[in-house]
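Going by the order they are written in, the chains are A, B, C and D; count residues from 1 in each one.
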């Protein structure tokens, strides 16, 4: 921290951004010194990633109308038009998903497409790409970057054989090595790490934090985005909390504790009118679904050893940060991803990995992946809504020849579809329209209608409002609540938006690191949920 | 990583080399049955190595770039044949004739390869079946050019080449002028087995080129694209362009390979020579232990030897065994296709199995912890 | 303004129907128009086209189930054809003369089609995503394998085996005396001197096509379409995707077997050995010309496609020959059919595959 | 010179070089037929008698042909420049040896050397060497139409 005089390394002033009128960032101001480590925390959708995209001048930002405000690097205003520009000014980023070649070595990955070359005669004729790789120089540069990071990473190891931590180091080393291989003025000055520790074991995370301190002492500033608050407190100089597209707090990390941060993250004014006012006495109703020792292998949403009881007639919410495994629970139970453990529905144990058995028992699922799982995009609304009910419960079929032939009953299908089109206000030209042509909100309504058509006893609804506009949002949530009240169907709703869960659910379970961390009534203080989301025990108040 | 026991090592070796091992078994039975003398077999195998290796090597580059087996190498073969038709027509003989045919074929191959690469970029994920159909499609265009275009539109000097009706090339073009001229250049004999050192030198040069090419930036980029297109793209590698380059190189080499192949045979079957070339080259490469995702020079040589030994002995073995040479001929055709089918199936099955592994790990993990 | 609107509308239509299809349809249409000017008898041509339509339509129909279930174009059709050939040869071996031999052949072919189709389906379920390439080579290898079998199987009807050896089937076997033209001649209608309507054959196809149409309207048929449209959706709806796919492959294989028998009764010969080798390609291009894509096909596509494709095969030799004194039909066939397949393969299908 | 210009120059140069090489190959690889004729010919109104017995060798390594009158033989050569060595022993047992070089036009398939003319005037190449436009054997046969065979399964045997 040697740069007391002069302009800060990075300064952002009055940054704002809206996506077609929908404001996602407003009036962001902060600055960053050389060698400073800034911890950036916030719930999903708080605007962290949008802010980083602006910093890097990603295409997505330009295509949606640019941003407001200005960015200064060492006092000079910059406006990056592409990530390559950002790179040239010494800003690097390590993304959450690895961008590595599995069958190449660490060295090759670190220097991917920036390999030092040896001149060959052929290149004069056929262009630069026929120069040969300078392996020695490659190893030297890669080793230099690894050394700078101060981690025990073998440059000759294949990525596919590495532990996860080493993959992460490879990614960081790639950013560090850029000073040696590109025309940067003075090497890497600012490194953005997006959730680097999420996939690491404790030891690996520890050595990563150590590496971060090493980098910082060399004058490289770091923006560290993480949900692990203790790590943030441990390693950062400054902590910045974002919520709803604003900076809520910027404080030095000394003396801050996890509870404070959690409060800042989720503690918002809650609109009481929207809240679910019902008090559901779940202890009086019997357990309808009980999940024991469930594991689910869903990429990015791994579930480990989950135990959960769902009571008859309730609306249970499942919340948690992205990637912690909340989505894995319904997908695993419904058999869409490989799963193990035990599920008992209405006193009967059901086999896993068989969607059919769950559907037969009366459990339905509205997937978060509408286009991939939820819909037949190239078929009509009629098919989309009635297909599952037809296949599982033999509805909408006419029988001929003693039941030998079961013929599609077009009239019944049309009637059923029409019913839901009216009930859920699905906007379409006709019931024969292809699902692909509908808007996101209407597609979601079709997915709901599909689930309602099987008259389920228990309904899993995953991210029901993701990517749809506000009007459709409230319609969908209302429909769920109404359905629960009118037909007594138990609903398990999974959502990233805590407020949404609190407005609909009776109880909310928070998933962290693949496990159910705790369950609280929806009326509990939001800060408690915030703490649970980041893996902190709630002290009894 | 645990150390594997010897038994496990052997099992793994066998699992990874099923196809070559199977061939060794077939040959172990077939060679004694056929009753051919070792000298004869050695001569035949050497002649076929010199004839076919170049063609098979042309398949390596697209595999490197992750585009699978390039059945579109037929396009290169067509370009090579057109080169030969021209040089024969001009009356250029000997090694100059071969070289000139190669020079003439090069621009054609580049053009065809570029086009083929473009199409394959539009059909990502099903490159193989598309390249296979491209071969058929281009065969139609080839016929249009050679059977109708040559004579009236494209000047052919020598009337001997043309069909009596005045246009179109005859069914067979006699390549007597260049026949074996490269093979006979520096021919030596060891124990009665003729060895065409000239051709072998060319093949050695090509092998060195391939090894060198893998060390170039372009080669490295192809490896990257082959492993993960998206990662390569994120790193700034021009994915589409790189893929097209790999097909162009493959097509050009296939053209040269076809010229060497036909120079050894001595006659060009104008409308048929190229048809099965892709299939046989692919089969030979796979027999050598290559897969859809990885192939090396040594697979080429092992493949040529094993595949052709089987090819040479099976008619005779069939005759001795059942009294019908025809049987052996059908057998080898069946084996060629069977090998390709097996390799394709194994490739897809392995790809799927790898995806299933992480779930098992998770289950084990939980068993340990709980 | 109005003209511009028209233009965009036309462009949209062209895009939805596909330029290659329009070119092929216009080409055939112009051939029919030009035919009388070059003294080519339109009635004969139409009659030929209709005849070839009947011969090939069932083979093209065999594409439908597999496309519906998302297994892609059935390049493995030779497997079905082989079942048909086995049925045909066994029927001839049993030596029942007349039309009965045709029905016997279907009867004998069925178990082979079911067994081979089942195995083929199991294989394709293990290689999802790479079906088409593998199907091609399954077809090729099975043809090559059967070449060996035709030599070895103990057939001994003298009309089928090589005369000099007394064993081993001939490359082509005449269906005369057995089921030659059993469908062609059934209720055939002769109009004028040159036009014959092969009622029986068309009727037979109509029955099968109707059965297929009906099947696609049943519960299982609906499931099959859904599996092809979005296999993940189908799985989430409790469908056993692998079972449905296997069923579709069995159906395709069986239709292939029936298809080749219909072909033989009209063509007059059973072609063994390498005969079935490239039989998949014309059927594949025919259904694509008819408007199908890699994962969508209807009965209408079959009818239009077969008619267009066979129409071009009949018309080009006669009309082109008369027009430019050159028989370019072979080249046109190759370019048109393979070009159509290429076009379909390079279309971006948004299905999850 | 910028790098781009330099690359362009090298590429154009390479193409030109390959082209020149191709032309060179064309010259050295072109096959010609040299007909050697020992018939009586008439030159400038003078009749030159066929030679009794003559030895002819085309090229240094070519086969030595012994020719009697009214014989026409041929030698197949590659390239344009060649020598012809003629050894003739006349009636008075004088041995005449001529070693002459001649050049065949590039696109000429056949040339004819008239031995009597050569004996008469060895110095003037155009006197004894003439271009020969072929009407070889094919003329007599009726042009036989050939069916073009498309066998998509061919190639199984020769591979």
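We adopt the following convention: contacts are C-beta pairs under 8 Å (C-beta built on N, C-alpha and C of every residue); 3 or more make two chains touch, one makes a residue touch a chain.
The structure displayed is predicted, hence computed values, not measured ones.
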Chain at the geometric heart of the assembly (C-alpha centres): B
Of A-C and B-D, pair with higher C-beta contact tally: B-D
Distance from subunit D to subunit B - Cα centre to Cα centre, in angstrom: 39
Subunit A and subunit C: spacing of chain centres that average the CA atoms, whole Å: 48
Approximate Å spacing (C-alpha centroids) for the pair subunit C, subunit D: 58
Inter-chain centre distance, subunit A versus subunit D - centres from mean C-alpha coordinates, in Å: 81
Residues of subunit D touching at least two other chains: 150, 152-153
Residues of subunit C touching at least two other chains: 330
Subunit C partner contacts - residues on subunit A that touch it in the complex: 334-336, 355-356, 358-360, 365, 367, 372-379, 383, 387-388, 390-392, 394, 397, 405-408, 436
Contacting residues of subunit A [partner subunit D, same complex]: 124-125, 127
In the complex with subunit B, residue positions of subunit C that touch it: 75, 123, 126-130, 132-134, 136-138, 140-141, 144-145, 147-148, 151-152, 168, 273, 281, 326, 328, 330-335, 338-339, 341-342, 345-346, 353
Subunit B-touching residues of subunit A, taken from the complex the two chains share: 84, 99-104, 108, 112-115, 117, 120, 122, 128-133, 293, 295-297, 299, 302, 304-305, 338, 340
Touching residues on subunit B, where the partner in the complex is subunit D: 52, 87, 90-97, 99-100, 103-104, 143, 147, 157, 159-160, 163-165, 168, 170-171, 177, 265, 269, 271-277, 280, 311, 329, 333
